[in-house]
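The chains carry the letters A, B and C, assigned in the order they are written, with residues numbered from 1 in each.
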Amino acid sequence: MPKVLITGSACQRFTGGRSELEVSATTFRRLVLELEQRFPGLGKQVEEGMAVAIDGEIFQDAYSATFGPDSEVVLIPKIGGG
Amino acid sequence: MNYIPSDLKVVGTRPIRPDGVEKVTGRAQFGADMRVAGMIWGKVLRSPHAHAKILSIDTSKAEKLPGVRAVVTSKDLPHIANEEAFVGEGPMNFRDLSRNCLAWDKALYEGHAIAAVAANSQAIADAAIALIDVKYEVLPYVIDVEDAMADNAPILHEDLFTAGVEPKPTKPSNIAKKVVFRKGDPDAGFKDADVIVEGRYTTQPVHQAYIEPHACVCSYNSDGQVTIYSSSQGHFMVRAYCAKLLGLNISNIRAVAMEIGGGFGGKTLVYLEPVAIALSKKSGRPVKMQMTRDEVFRASGPTSGATIEVKLGAKKDGTIVAAQEILKYQAGAFPGSPIGPGCMCGFAMYDIPNVDVVGYDVVSNRPKVAAYRAPGAPISSWAVECAVDDLARKLGVDPIALREQNGARNGTKTHYGPTHQNIGFLATLEAAKNHAHWKAPLKPGQGRGIACGFWFNIGGESSAGCHIAEDGTVVAVSGNPDIGGSRASIGMMVAEVLGVPAEKVRTIIPDTSSIGFSFLTGGSRVTFATGMAATQAAERVVEDLKRRAAQIWEIPVEAVEWKDGQAVPAGSNAGAFEPLDIAAIATKAGRTGGPIGAEVSLNAQGAGPGFGVHIVDVEVDHETGAVKILRYTAIQDVGKAIHPSYVEGQIQGGAAQGIGWALNEEYIYDKNGKMDNAGFLDYRVPVASDMPMIEAVMVEIPNPRHPFGARGVGEVPIIPPMAAIGNAIRSATGLRMHDLPMSPPKVRAALDAVAPKMAAE
Amino acid sequence: MSKHHVSATINGESVEFLCETQQTLLDTLRDEIGLTGSKEGCASGDCGACSVIVDGKLMCSCLILACEMDGSTITTIEGIAQGDHLHPIQQKFLEHAALQCGFCTPGLIVASKALLDENPNPTEEEARYWLAGNLCRCTGYDKVIRAVMDAASVMRGEKAA
């Protein structure tokens, strides 16, 4: 099952401090739904404020971004610029 | 399609930019150059107090002044509930944006907009402002970030509770949030270290200091349709933010991108447009507003001032085993400093197993901070790169060698999560090591410093298109305001795909009603994302051109190739047809299906991060404390330089801003919390005589996710200069400066502090 | 308060305009005469974006009262090119990519012309100090100085345009 790492503390308050989760989702969209179901509020936080890095590559917002059972999925704060 | 290994004819050359002649002749129209029939003039009344309750606003005298047509306060904007909507760069709280444009119940900084008037002339508008009677209850204020975090600090927002701490606080605070990034076991790492260096560093707020003040002309029609002429880093952002703040349908607004006289992040939001629209609605006339330079400093967002504590632990052999950073950033009057990126960027160029980074976003009575070129990263790297330099000295190793040994490479996992891929950090260090500057001898009293920087760069939503005119020449359209030559590079990518010379393509920026949505110009994303959209649009056009040729020749489309701007039969079997260039096909467009063009909207993924390494030589005048820059070399991984002159330009411009940040720029406040130096005389940006030539060295490690291999380049170069100069001063004088700017009084004071010791020795 | 009637020569043409006592030449050029090429960056003479040449001298038009211009000869950015022939300074700015946003460019070009009118063979240091009154935030001045030195060389007849 894909492992999801949550760095930064913004999400960890929804998970009670846990920073590593196993999920059954295999797309970003499904991940958001699953996280919202397991930790109410987390899915919305992820969808609106986070970017996801799948096996090293950052996706700012792509529902269809997919990951496999051995993928490393990391949630990081959304990045802007100047 | 992938053009990285191709033999390129246009991309990589240096044609004259398509918008160049109008810029050197003064014809280009910037925000304040717009004139509209019936236009009247607006002006904002601003708070003279750093922190105050607004008890009452009496606009009656102003309204009676002959020539005044409208007066507005926050009551003329819809009240927005506490809501976040992610339309601009990262989360934008529209409630905060609204009350930044026109204050609600409190003035939160000197310069905060309280009310605005529109009148027949600028002079009458200025006079009317003075007739608005505001009753304030002045409150104690706080500016310094650690003062704002203290338990007894004056509280700006009674409804702000620190996020990111457990249990949830019940007392309001100026600390908007705390963020933590942790990797490995930092405590164990530091215990394991043979050598430790620590340092506490500070920075002052600095302004993007674009030479063009904010300006707009807004026209509200009685049916609710609005036209906005403004210079911004994103006219779609302007449209969306004004729709939100005025409660209008987005499609009712047409935002026109005027030329923009610099932004650097500071024009990624709105200040005047919502106010001008409200005045236009009330007066029934188009309203022009422009900020004075004084207003730009006092009322538009500079970047954070900060304190940073950094600690590094290494083994005797040079391996960095632990790193820690505590960052405290000012957000200004409303939450939203770039603390996140600041936490992520400082150590991102190193492979360190144990990392602990804690960051605080803190409000204080200053203008709300706005993005400034790689927001958050320069502040963090200022501290980290000075510490790395101290570490190199303590270990007795060369500063480049230490960075090479611990440098991030493909496969390095960052402390904030993702793994680096296709990066060029080691290549830039190699280029630095081999550069003549690094080996050049120094005279006595001169010092050399080196530092590096990292920025993610972003992709995002972009729209671009390409249309073939009836004579075969090409119009390219880009959804992004051009802040540094993107019209040139987008046109060049289109020309390359089509196989035509650069001058046959003209790139323009349509208004928001005439092209698909494009996320704003920032994050070093336009050449990457909008370039990607433009390339795909040109590719669709090539497919269409081939189809038309196939029709003209009556052969299958698979038998047509596109070569050097012409349709040619794929082989002798296809038929002995003379090649058809774009003009030949264009004249038959009507008969072969209609006009030829394509527009592509996409969400570009795979932006490649950038790394920079800067080398600087300085001389310090021991009498005055002035630091002279003798030689500057900026090396950066740019992926692929589409138009090398404009890539060099980004590197040189970013380095110059970093030099100003390092040596002179700061907000100076008086004892009442008012800015003392709100003008270019005393807010001292670098001038031509301060600088030598800046050598920009472009290392090209292609980003495979862009058709031509491009990476964003604009933001990285502002990150290394401060520490590079700090390290050069250390090399020249033995002094480790901790506080920015390293201006003459500060350097002089540091020299004086060691002088007695040195005299005794 | 009655306005002043001013007659001046602007970019080689006789121009008449009305202005209030307190109106600067910059505001008058932009708002009364319609020459918006000169820019307001600071209105206090610190940034040079409003640079014009008045009776042969380089000046900040934000520091001059328009009503003092009666009988004066003024050159603005709009008068640097000759018809559709760019001045060598303008041409070299384009070739060297010495502009990014272009806002400071009119002032820099006018100031550069004033420099080369007075000193056709400046050193790099002389050019930098002369242009220190023109702030540019985009370029770091590198390509600007290269363009000015190159234009000077063309104007001295040392190389083809």
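By definition in this document, contacts are C-beta pairs under 8 Å (C-beta built on N, C-alpha and C of every residue); 3 or more make two chains touch, one makes a residue touch a chain.
None of the values given here were measured: they were computed from a predicted structure.
Asker: Give me the two chains with the most inter-chain contact pairs.
Answerer: The largest set of C-beta contacts joins the chains B-C.
Asker: Farthest chain from chain C, going by the mean of C-alpha atoms per chain?
Answerer: The chain farthest from chain C, judged by C-alpha centres, is A.
Asker: Between chain A and chain C, what's the gap in Å when you average each chain's C-alpha atoms?
Answerer: Distance between chain centres, rounded to whole Å: 55 Å.
Asker: How far is the middle of chain B from the middle of chain C, if each middle is the mean of its Cα atoms, in Å?
Answerer: Their C-alpha centroids are separated by 29 Å.
Asker: Using the touch rule from the top of the page, what residues of chain B touch 2 or more other chains?
Answerer: 208, 264
Asker: What part of chain B is in contact with chain A in the complex they form?
Answerer: Touch list, chain B to chain A: 84, 86, 89-91, 163-164, 166, 177-182, 208, 264-266, 268, 338, 340-341, 343-344, 370-375, 415-421, 455-460, 522-525, 603, 605-607, 712, 715.
Asker: Where on chain C is chain B touching in the complex?
Answerer: 20, 22, 30, 34-44, 46-47, 49, 76-78, 80-81, 86, 90, 93-97, 99-106, 109, 125, 127-129, 131-146
Asker: Okay, in this complex, where on chain B does chain C touch?
Answerer: 14, 16-17, 19-21, 23-30, 32-33, 35, 123, 208-213, 259-264, 290, 292-293, 483-485, 643, 645-646, 648-650, 652-653, 655-657, 679-681, 685-691, 693-694
Asker: Chain B touches which residues of chain A in the complex?
Answerer: Per the touch definition, chain A meets chain B at residues 5, 7-10, 13, 17, 48-49, 53, 55-62, 65, 72, 74-82.
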